[in-house]
Amino acid sequence: MFYRENGQYKTTYAADQQMLPILQDRVFMAGLLVVAFVAVPFFASDYLFLSLLIPFLILTLAAIGLNLLVGYCGQISIGHAAFMAVGAYAAYNIALRIPQLNFLVVLVLAGLIAAAVGMLFGVPSLRIKGLYLAVATLAAQFFTDWLFARVKWFTDYASSGSVSTAPIVMFGWTIDTPVKKYCFLLAVLIVFTLIAKNLVRGHIGRAWMAMRDMDVAAEVIGIRPVYAKLSAFAVSSFYVGVAGALWGFMHLGSWEPLAFNLTLSLNLLFMIIIGGMGSLLGSYFGAAFIVMLPILLNQLPTLLGVPISTAMISHLELMIFGALIVFFLIVEPHGLARLWAVGKEKLRLWPFPH
Amino acid sequence: MPVDIGTLDTFPKLLAHHSQVRGTLAAIREKDLGVWQTWSWGRFADEVRALACGLAAHGLDHGAHLAIVGDNRPRLYAAMCAAQCLGAVPVPLYQDAIATEIAFPIQDAEIGFAMAEDQEQVDKLLEILPQCPSLKRIYFDDPRGLRNYPQEALTSYEKLQDAGRAFDAANPGFFDGIVARGVGSDAAAMFFTSGTTGNPKGVVLTHTALIDRAHAAAQMEGLSDSDVVLAYLPPAWIGQNIFSYAQPFVTGYCICCPESAETVMADMREIGPTYYFAPPRVLEALLTTVSIRMEDAGTFKRKMYLYFMEVAKRVGARILDGQSVDAGDRLLYRLGDILVYGPLRNVLGMSRVRVAYTAGEAIGPDLFVFYRSIGINLKQLYGSTETSVFVCIQPNGQVKSDTVGPAVPGVELKFTPQRELLIRSPGLFREYYKNPQATADAKDAEGWFHTGDAGYFDPDGHLKIIDRVKDVGALTDGTLFAPKYIENKLKFFPYIKEAVAFGDARDRACVFINFDMEAVGNWAERNNLPYAGYVDLASRDEVYQLVGDCIAKVNLDLSQDPELANSQIHRFLILHKELDADDGELTRTRKVRRGYIGERYQSLVEALYAGRQSVHVEAQVRYEDGRTGSISADLKIRDAKTFPVAAAKRAA
Amino acid sequence: MKKNLPTFILGIVLLTGLVAPLATGASAPGFYIEVLLGGLMAGVLYSLVALGFALIFKASGVFNFAQGAMVLFAALAVARLAERMPLWVAMLLATAIMIVLAWLVERLVLRPLVNQEGVALLMATLGVSYFLDGFGQTVWGSDIYKIELGIAKEPVMILDQLFQGGILVNKEDFVATIAAAALVASLMLFFQKTATGRALRAVADDHQAAQSIGIPLNRIWVIVWSVAGIVALVAGVIWGSKLGVQFSLSQVALKALPVVILGGFTSVAGAIVGGLIIGVGEKMAEVFLGPVMVKAFDLAGGGIENWFAYVLALLFLLVRPEGLFGEKHIDRV
Amino acid sequence: MSGGATVERVTGEVIIAVEGVSLAFGGVKALSDVSFDVREHEVRAIIGPNGAGKSSMLNVINGVYHPQRGTIRLKMDGTLREFHDMDPHEVALSGIARTFQNLALFKGMSVLDNIMTGRNLRMHSNILLQALRLGPAAKEEIEHREAVERIIDFLEIQAWRKTPVGRLPYGLQKRVDLGRALALEPSVLLLDEPMAGMNVEEKQDMCRFILDVNDHFGTTIVLIEHDMSVVMDISDRVVVLDYGRKIGDGTPDEVRGNQAVIDAYLGVSH
C-alpha cells in the first residue's frame, strides 16, 4: 500500500544487490534506527531496559548465531548455550588476567575461542547428518556444563563456583547504566547483523544454504562440505560466544555454574523456530517473543485480577512454548519472519491479493 | 522543453546536438543481464558513428534502404540513425511477421542491407534470400546460435563497427561531412502499412515531417529530457517509432527497452515511464487483469476497491481536469488515492505517468474513464503513418471520451461534402514508395491528404471521427448516419457482443443485437432467472429490457450531438443466433458484414421498419456439440426509448 | 578392515579402561564387581528407554526428544495416583494415560507433520517435551514425590565367602533390573514374533510399501508411541523409586540418545548393548576415573557421568557414524 | 533445431575414459566391468532400461560413488590421468558438471542464487572480506553475477531470476538445474535425464539449449535419456547398458541395428 516502486530501477549490479533495494524500506529502516537510538533512550525506564531490551538485544545476537548454523546451513544444534558459556568464561578469564585489555578486544577474543570450540564440536558434522548431530551438540552442552562447574581454574577458584565481572570501561567510557549498556549492545548488534547479512548474501552464505537444501548436489557443483560446515560452526559459535560474553558481563554481571544450561540452548532454538529459520529478521522476532512472553504471562494475571502462582506461571510458560513450537512447525515452518514477508508482499501488491 | 530545432533539420544532426549538450544523460536503456544497461547520448552517438562508417564501407549509399528487423533494441535504433547519417532510408519491419511477409518490402524497395536482431530474424532473411536477389548483407545484433552459420552475407554488429572504425580512421571528416550534407527534405524512414487489400504500401516520411510533428507534440505537452518512455510495441509501427525514436531525438528524453516479452509488465513497474502510449486493446487487457485479480481479493479489499472506484468514477476525471468538486468528495478521493488509486497506479507501472496517449481505434468510454479516474492523464490522439502521427491531441483539461481533440498547431483540417476528413500539415508523407498512383489518390494537388475517415467538429472544435467514409450513409432526411459509430457505442456495453445498425437511405435507425452470453448469463444467474441457453435468453422480456436500457443510454448520448441526434435507434430485435464468421456474417477479424447480414435477414429488417411487434424466423443453427438443427421462433421487436433533440440542446 | 581401525582402537581403549582398575589394583575385586553390577543395572534401564526411542525412530523416523519428558510425566502420574489408590491400579491408570497421550501426539503432532524432514520432527518433539514438562507439573505438581514399590531398600551382602568384604546389592535394584530385563526381552519377542511387530519393521523399511500392503500407518504410530509410553512408565517408576520423582528425571532419561547413537539408530540389539555399555562405562568412569581426574586437574568434584555417555557417543560418531549395529546409509541422487 | 544451418560437429580426443568399472551396493551389483570413453565436443548418450545402472555410471564419474574395481581417467592439462576416489567437489574442480534426474535444486534459494552457487568454486574472497563486503569481495560478487546473468539470458529465464525455484514449473526448474551446471563453465556436462517429464515443446527447447551449449561453448555432453527420438537426433555416439553391463556402443545407427540392444531394450520397452 505504501510502496511506490515505479522509477526505482537499477542500472548496476551493486545497486541491485544492495541490502534494502526498495526506497520505502530504506526510509522505514532509517526511521526505526532513529527511534532505537534516540527515542528509546529518552523514554524507556530502567525496568524496561533491564528486563526487556538488554536481554532482547543479547539473545537476538545469539539467535542470529544459531540461525546461521541451523537456519542457513541446516546443521542442527541443541547445545548452543555451551558456546555461550565458552564465550562468557573466556571473556571472564581474559578480562581477569589481562585487565588492561579493551573490552572490544576481549569480546573478539572470547568469540574466537568459542569459534574454535564450536569447530571442534562441529567436526562430527562432516561424517553425520541431521539427527545424529543433535546428540553431538548435546555432548558439547553437558561437557561444558561440567567443565565450568568443576574445573576451578575457570572460575578463578571461587569457592561458590560463581563468578562476577568488573565494571566495563572502554576508551575511558564506563558502561554502567542501563541506557549506556543498551546503546552499546544496540550498536554491537547492528554491526553483527550487517556482517551476518553480508555473509549470507556472499558466496559462503550460498554454500551454507546449498548444504542445507541439497548437500549431495552442493558437493557435486564444487562446494567443499568441510569448509562450508566448519565455517558455519565457526561463525555461529563466534556470534554465540560474543553473545555469551555480553550475557555474562552486561546482563548477569555475576553468574553461577549452569547459567548456560540446556534450557537456554533450547530457548535459543525456539527463538529461531518461532522467529523463522534462515532469516536474520526472524532472529529478532524470535528473541523478542521469547523475552516478552514470560513478562506478559507475569503481568497478565495481575492485570486481569486472576492470581496465579509463580510456579504455575513457569509451567504455563513451558506449555505455551511447547504448543507454539508444534503450532509453528505445522502452520508456518518459516516462522514470524515469513508472516512479515507475506505481509510486506501484500503491501507491495496492494490492492491485489497476489 | 524540446530543443530549439533551428538548423537541426535531420535526426543525425539532432543526435550530434544531444551528444554535445547532454552527452552524459541517458539516451536509451535496455534491461539486459539483469540491470538497466544505459547508453548515454554520447555513447549513442559513438555507436551510430561507427555503424554508419561501417555501412558506408560496405557500400550503403544515399537513398538506399536498410531493413531493420527486430524488437526494441538499442543497437537497432542506432542502426536506424546510422542509415540516416548516410542519407539512406531505414525500413523497420515487423519482427513477428513470417518470412514471406517480409519478402515483399525487401523486393519492393530492392533492399540490399538488413539489420536483424537475432538468429530467429536471420533465419527468416536467409529463407527468403533466393527470392530477394538485392539483399547482399545481413547484420545481426545477438550472435547466439549464429556462430557456425557459413553464409558470407552474415556479419555481426561488432564486426560491422570494427569495419566502421577502420573506415573512419582512414577517412577522417567523412562522417561529419556526410551528416552535414543531409537535409530535412531527405527521406528519413519508410514504414510499410498493411492495406486491407493488395500489397502493403511503403510510406516515405522525410526528416522535416517527422521532426516537425514530433516537435509540435512535444512542445504542446512540455516534454523534456527528464521524461522516460518504455518502448514495448513493435518498432516497425509508427505508433511506437514516433515515441521511441523521433520524439526522444527532438527532446532528449530517455527510452527504455524491456528485457523480454514476458517481463514487459515487471519492467514497466521498475522504470515507471512518465510518457506512455498504448492502443485501446492493451489498456483493455490491463483493465481485465486488474478486474480478474481483484476478483480473487478478500471481501474487505474487494468492497473497498469497488467503493473507491465508484468514488473515482464520480469525481476522479473531474479532479484530473481541474474542475471544482465539493470538499467531501475531494477528501474521499484523497483517501481513495492512498488506499486504491495510488497502489493501483504503482502496480500498473503508471505512478509517474504525466501524459498517456491512446489511439488506433475507438476506445470505450468506461475504459477511458477508468484510467482517467484513477489519476492517469490518459488522452486520445488522432493520426496515421501518412501524417507522422500527430494530427489532433486532446489538450490537458479538455478531454472527452468521444473526440480526439483539436488540431495540433501546424495542422489544417477540412471536410469534403461527404464528410471525409482532409489534412494538410508539415508532417505529411512524401509519397507511397514506387506507387505514384496511390500517392496521387491519397494526396491531391493542393497537398491535402484524404484520410478516408468520416467525422466532424463538435461544438468545441474537437475532431470527432465516426467511421470510415465508405461506410457512412445518410437517413432519408439527409442527416448523417454512421453505422459503425452506433455499433461501437453499443458494443462498449459488456452485455452487448455484436450490433448491426441499419438506416442508410431509410427514415430512421434500427439495430440487430447479439448479447454477450457470458455477461448476460451471469446477469441472469444473479437475478435468479433460469434459462436454457442463448435462444431461450434471447426471447426473454427481461433481456429485452436489459438491452433496451443500453440502447436508451446510447440514444441519450446521440441526442446530445446535433449531427447524430437523428440517428437514435428507434427499434431493435435480439437475434436468435450468434453471428458467426463460419456463416459469413463476420469477417475473420470479427467485423460485422453489414451488407451480407442485411440480405440474409432481409425479412427481419423489413419487420423492423414495418413496425411489427414480432417476426417469425426459421433458421439452421449449429449447437455447441456440433449437431445442427433448425429453430423456428417468433422474434420480438421492441421500440427503444428515444430523446428529443431540442431537450438535449437545452441541457447542453 | 582399514576403515574399521579407528573403531577397533576405540574398543581397545574402552576395554583397557574397563579392566584397568582391577589390573592396576586400584580397586578391590568385590568393590569392582559391585560397581560393574551397578552399571549393568543402570544400563538395563537405559536400554529400556532407548528401546522405546529406537522403536519410534524405526516406525516413524522421529527422533523423539520427548522421551525424557515422557518418563517424568509417567513417573509423576504413578506417584501422585498411588497416593490415592493401590500402586498397581495407579500403574494401570497411568498406562491408560500414556496410551491416550500417544494417540494425541499422533493426531496433533505427527499427522500434520507427515513427510516433513527429520529435523522438523525432532523440533516438534522438543515442543512436545516442553509441553509435557509444563503440563505434567501443572496437573501432578512440581515437588519431589516418592514411589514405594514395597521392596526392601537396604543392601544385602552376597558372595561374601568369595570376596573379601562381599558384594553389596540393593534388593529393590535387583528386582527392578529383572523386571526391566524381562520387559526388554518381551519387547524383543513382540518385535520378532508378532504380526504387529513385523508390521512395525515393514514400516521402518519402507513407508509406502507398508501402506500398500494394507498396514495403517497411523495406527502403527499410535502403537509405537504407546509402547514407548509404557516403557517410559516402567523406567520412570524404577528411577522414581530410586531417585525420587522430580524434574531431573527427564534429563536422566535423555541418556537414551547417546545409547541409540552407540548402538545404531534402528537396531533393537544395538539399543540393548549400547545401554549396557553406557551404563557400565559411566559408572566405572565416575567411580574410578573421577577421583583420578579430580586429583589431576584440581576439580571441584567428579560428576563425569553427566557427560561421559555423550562424549562416548560423540567419539563413536566420529569413528563409526552408523553405530555398532546400524546399517550404512547410501545417498541416492 | 536451427533453421539456417546444420553444423557438423568435430569431435576431438578422449576426455573421459571409463575402464572396467564395477560397482556394488552390499550384494547388489549396479555396474559390472563397464568400459567406454567420451571424446571432446561430442554428445554421448547413455541409454538402457530402468535399473540398468545409468545414473550409477554418472555418479561414478563424478565421484559420488567410488567403484570397487576399474578406473576413471580424466583429461587434465592435455593428458589423461587416472584418479582414485575423487570427491565430487574435486571432480567439479576438474571441469565436470552435472544435472540431476530428480531435481536437486536448492529449494530455499532464488533462481539467481541457485546459479550463483555454481560459481562458488571460482570465488575465492575470504570470509573477512565477505563479512565486510569490502572491495574485492564486492567486486567478485558483481563479476560472477554478470557471468550468471549471461547464463540466465542464454536459458531465457530472465522473467524468473528472483523467483524462489520451488515456485517454478517443472520444465523451468530443469532449466535452472542446467544453468547451475553451466555456471561451472565445465568442459564436460553430465545430464541425467534432462527431458524427463517434459512436454514436447519443453523437450524441443531443452534440445536446443543442449545443442547450443555444445556448439557455443564446445562443451562435451554426456546424457542419459529415455526418449529414443531425442537420443537418436542429438547424440554422436550411444552407450547401451543393461543390468549393469555394457551391451552396445556406437553411433545411433549402429546401436539401432545391434541385436542385443534391440532385444534388451528397444524392442521391449519402446
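Going in written order, the chains are labelled A, B, C and D, and every chain counts its residues from 1.
Simple rule for what comes next: contacts are C-beta pairs under 8 Å (C-beta built on N, C-alpha and C of every residue); 3 or more make two chains touch, one makes a residue touch a chain.
For clarity, every value in this text was computed on a predicted model and none was experimentally measured.
> If we define chain centres by averaging CA atoms, which chain lands farthest from subunit B? Would you check?
The most remote chain is C.
> Top contact pair of chains, counted by C-beta pairs?
Pair with the most C-beta pairs in contact: A-C.
> Counting in whole Å, what is the centre-to-centre distance of subunit A and subunit B, each centre being its mean C-alpha position?
58
> Starting from the mean Cα coordinates of subunit A and subunit D, work out the distance between those two points in Å.
Taking the average C-alpha coordinate of subunit A and of subunit D, the gap between them is 41 Å.
> So the centre of each chain is just the mean of its C-alpha atoms; given that, what is the distance between subunit A and subunit C in Å?
For subunit A versus subunit C, the centre distance works out to 33 Å.
> Using mean C-alpha positions as chain centres, tell me how far subunit B is from subunit C in Å, no decimals.
That pair's centroid distance is 79 Å.
> Could you tell me which residues belong to subunit B and also touch two or more other chains?
34
> Taking each residue of subunit C in turn, which ones touch at least two of the other chains?
331, 333
> Two or more other chains touching the same residue: where does that happen in subunit D?
Those would be 64, 100, 104, 145-146.
> Quick check on the complex: what are the subunit D residues that touch subunit B?
Those in contact with subunit B are residues 2-5, 7, 112, 145-146, 149-150, 152-154, 156, 158-159, 161, 212, 215-216.
> Across the complex, what residues on subunit A touch subunit D?
Contacts found on subunit A: 12-14, 17, 195, 198-199, 202-204, 206-207, 209-210, 212-214, 216-225, 231, 235, 278.
> Considering the complex alone, what residue numbers of subunit B touch subunit D?
It is residues 31-34, 119, 122-123, 126-127, 144-151, 259-260, 262-263, 266 of subunit B that touch subunit D.
> Which residues of subunit A touch subunit C in the complex?
74, 76, 78, 121, 123-124, 127-128, 130-132, 134-136, 138-139, 141-143, 145-146, 149-153, 161, 216-217, 220, 262, 266, 269-270, 273, 311-312, 314-326, 329-330, 333
> List the residues on subunit D that touch subunit A in their complex, please.
Against subunit A, the touching part of subunit D is residues 62-64, 87-89, 91-93, 97-98, 100, 104-109, 113, 116-121, 123, 125, 127, 130-133, 137-138, 140-142, 144-146, 180-181, 183-184.
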